[in-house]
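Two complexes follow with chain A in common, the first pairing it with chain B and the second with chain C.
This part shows the complex of A and B:
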């Protein structure tokens, strides 16, 4: 349904260029829940924005193809793009507060979207708004919708944003860190809601997050990004059971576990995620990697499917690819 | 306090009072209350309202110990941390540092005392003055407390930079030249400059990337061992808290609902709210039985907290008594206290499908 091919996005700086996304390949099938994980500067949010051609200025898509339902998003005129955004593609932002207009009612947000995409009249859209707000668990939706965003709590606001994102029956839902600003119990509520809606309407979804725990519980497949590139992609079960990229393995080890005993030692990855201002060859993780060789610094590893395993278990589930010259073999680490 | 006072002096008073010190915790908070007056909706004519940020909490912190305050936004954990340093004047209650009540201390003495009490903030970059060099930021506490002769300050800055894992030449640079993780190291160096005994760490890693988080947690752990520091660790991330704390206090709407030794809490949380918090943490592993139950509802307003147990409006275990009778902390094990009428039942019923085996 969604196919991204060699996408590149860059931001001109005062001096030089920031390469945010450097050759992203990605597919999402109907009904699939894709997770995109990465740290700050990995390009995960910019990639999500690029899908609906919403890369913030002065950034621009410098090359690549994005096909949604067979049509090329990059070539679409502005008029058709508006039909796509909020219509075929629903977006859930990280901070609902800055994504809603503070001086118009909640109802008016829905009215605008429903009129543009579905051609609903005022009366029709009122009914539909009440129905939508009820479906995301807003109590007393009839009176709530006449209020403003500031009258809602953070969790309720995010519920409204989800209702708005699904209002026009999209086929793809993109959520960019939808729960990062929320408390953990509210986060759990929102993710439960997200899962229910995706399952009910057979939507495809892309969940952008830095939280590996959220990916584990709420996605089918996962893409790990670093410095604007995909380091590894696999089904969620496969990735957590057999991380292949040293970066993925490092990340998994860095996350503190709730059930782990206290040890006073923390697995760390030395250094910090880079700001890519030079699109040089080589693996971007090389400076922080404990398996680095001369080859890693000069030649860019391609994202390749993992083949037969050393332990004879045959091919990976067909979904596991890694961009690394020295991937972690299965069974190599406990 | 003059230029002659150096870091060995404060210990003299401590030694003089050895008999009491041995039994007195380093920090003791008793019946702490912090209320704010605000105007309600309609700024001009709105009635004045009282926000019950912290509503009567007690805890003690021993030397070289880490106590965590954990809870969701609005539970009062940060206000408690600020009140422990007198950055927030308590409405009532006591904050005793080595037996002395900071709330009644005259201003001058409090300022002198502050040297021993420091804070590391959540926003590593925002908490540093962008116009000051890193060296100045770190040396400032030395100037304020007049701790080192002018000629030795640069050496002390170098020493502190090394202590937090930064190169000596960082001193001449500005905060914007550093990443978030490096800025947090600078913030820690600044907090350590005056050789404090007690540091409030207010969400010190929640703004950082996962790989950087681990580095900072390791640094804080090593510094504690090396310098014998005591931490009040304020955080919302239970997994991080579990790796950093000796004891943990869980807060809800301005009150402590459960306080226990780390292992006791992490293997057997007894308050339904603690159980709800634990079950809401997304664990980074793919397991078969992840069927947890999500707690419903949201935290009520601290302007008008519910009567009785403050969690009763969201609690699946709640009975009539919970809406009337506020539960007080009671002993349920060695170094484990819980404020719930039905804690034992909650352990049996496991209302959130909690599963804490590693």
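This part shows the complex of A and C:
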């Protein structure tokens, strides 16, 4: 349903360029739940914004193709683009606290979107708003919708944002770190709600997060991003069972476990992600990688499909690709 | 709302009462009096006569009560500097010119400033923005209005001869003073409008509105400007009394017989009744504008509520 091919997004700086996304390939099938994982600055949010051509200025899509339901998003005129945004693609924000217009009522948000995409009248949209708010668990929706965002708690605001995202029956839901700004107890509720709605309406979804734990419970397939590139992609079960990229392995080791032996420190990956200002060859993870060789620094590894191995340690479930010269072999790490 | 307003206006009256007391005390504490004559002193009996006539021979608290009693009956006394008139008559004669200039100034600078500020913000970082921000609004704030006034007089009055260099009475007399007086508030409004609008342009909720497919036009008016212009009340309200009471510089430059000059001359002449009347005007205007600003906030911003009042 969504196909992204060699997408590049860059931001002009005072001097030079910041390459936020460097050749992203990605597909989402109808009804599929994709997780995009990476540290801050890995390009995951910019990639998500690019899908609806919402890269914040002065950044721009410098090359690549985005196809949504067969139509080319990059070449879409403004009018059709607006029909796509909200109508076909729903977005859930990172910070629900600041994502609603503070001076118009909650109902007004729904009304303008419903009128725009579904052509609903005022009375129709009122009924639909009540129904939507009820479905995301807002108590007393009839009177709540006449209020303003400042009268709601953070968790409630995110519920409203979710209702707003699905209001016009989109086919793809993009959630950019939807729980980062919320309390831990609320996080679980919001993700549960997200899952239920995605399942009920057979939506495809992209869940962007830096938390592999969230991916494990709420996605079918994962894309691991680093420095604007895809490092590894596999089904969730596959990725957790046989992480192949040293970066993925590092991320997995960073997830704290209740069952692990008590330690004084959390596992970390030394260093921090780079700010890519020159699109030089070489693996972007090389400076932080413990398996680095001379080849990693000079040649860029391509994202290649991992097939069955000669020793029979094949990959049973679906596709699994990795961009690494020295991938972690199955069984190498306990 | 009515109860709230009643309470606010009652407080304002108390503030005005206290202000008149303070000003009364200060006026009399300053050395010198209205009838001090250094060059040709009057004979003592004549002086005593004058003092008695204006009640200046009585204790200060008595003078104050006398003044207050008269004011409550609508009598603001006689200006010492123009004994043939009443204070009320003098203000009624001088204020209209100032009010006409002030009203035009408010209209032009507030509307023009907001429009220019919005344009600058919406064309952020283009040449339009740069010219508006760096040239127009910086010059408007940096140049004193009498300098602008003299330039206008030289160009449009003397060189081109299009407009009168000064005076009052014909409709075209209003133009140059208003232009000179408008420049500063216009620049101020433009700067604030640009800043608040820019801040909102990149707000999350505008981005989310765009993600729902709303048109840029709708986003600009309903999401950006609707919220960005609310804080301008804070600048607009309190500037109104300043403008409506006139500027001595503008009125002197363009020979406008307005109220502005009396604020200075009344104190210089120790013209007690006139000083007090002017203080009352300023206090009433300030207080009213603040109350109106607060009310405007509650009407325009659902997040703001009047104290002890539920919607």
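The definition used in the following text is that the second predicted complex is superposed on the first by the 326 of 334 C-alpha atoms of A that agree within 3 Å, B and C clash if a C-alpha of one lies under 4 Å from a C-alpha of the other, contacts with A are read in each partner's own complex, and residues count from 1 in each chain.
Quick note on the criterion: a contact is a pair of C-beta atoms (placed from the backbone, for glycine too) under 8 Å apart; a residue touches a chain by one contact, two chains touch by 3 or more.
Because the structure is a prediction, the values reported are computed rather than measured.
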Item to check | chain B versus chain C as contact partner of A:302, first or second or both or neither | outcome: neither
Next on the checklist: Between chain B and chain C, whom does A:183 touch in the aligned arrangement: first, second, both, or neither?
Outcome noted: first
Next on the checklist: Which partner chains sit in contact with A:216 here, chain B, chain C, both or neither? Use first/second/both/neither.
Outcome noted: first
Next on the checklist: Just checking: does A:191 make contact with chain B only, chain C only, both, or neither of them? Give me first, second, both or neither.
Outcome noted: first
Checklist entry - Touching A:103 in the superposition: chain B (first), chain C (second), both, neither? => result second
Checklist entry - Who does A:279 touch here: chain B (first), chain C (second), both, or neither? => result neither
Item to check | In the complex, chain C residues that touch chain A | outcome: 202-205, 207-215, 218, 222-223, 226-227, 230, 300-303
Checklist entry - Which of the residues in chain B end up touching chain A in this complex? => result 72-73, 179-182, 209-215, 217-218, 221, 225, 236-240, 242-245, 262-263, 266, 276-286, 290, 292, 294-296, 298-299, 356-358
Checklist entry - For the complex, which residues does chain A have touching chain C? => result 52, 54, 56, 82-87, 89, 91, 93, 95, 98-105, 112-113, 116-117, 148, 150, 161, 164, 168
Checklist entry - Which bits of chain A are touching chain B when the two form their complex? => result 39-40, 153, 155-156, 183-189, 191-192, 210-218, 236-237, 240-241, 250-252, 254-270, 272-273, 288
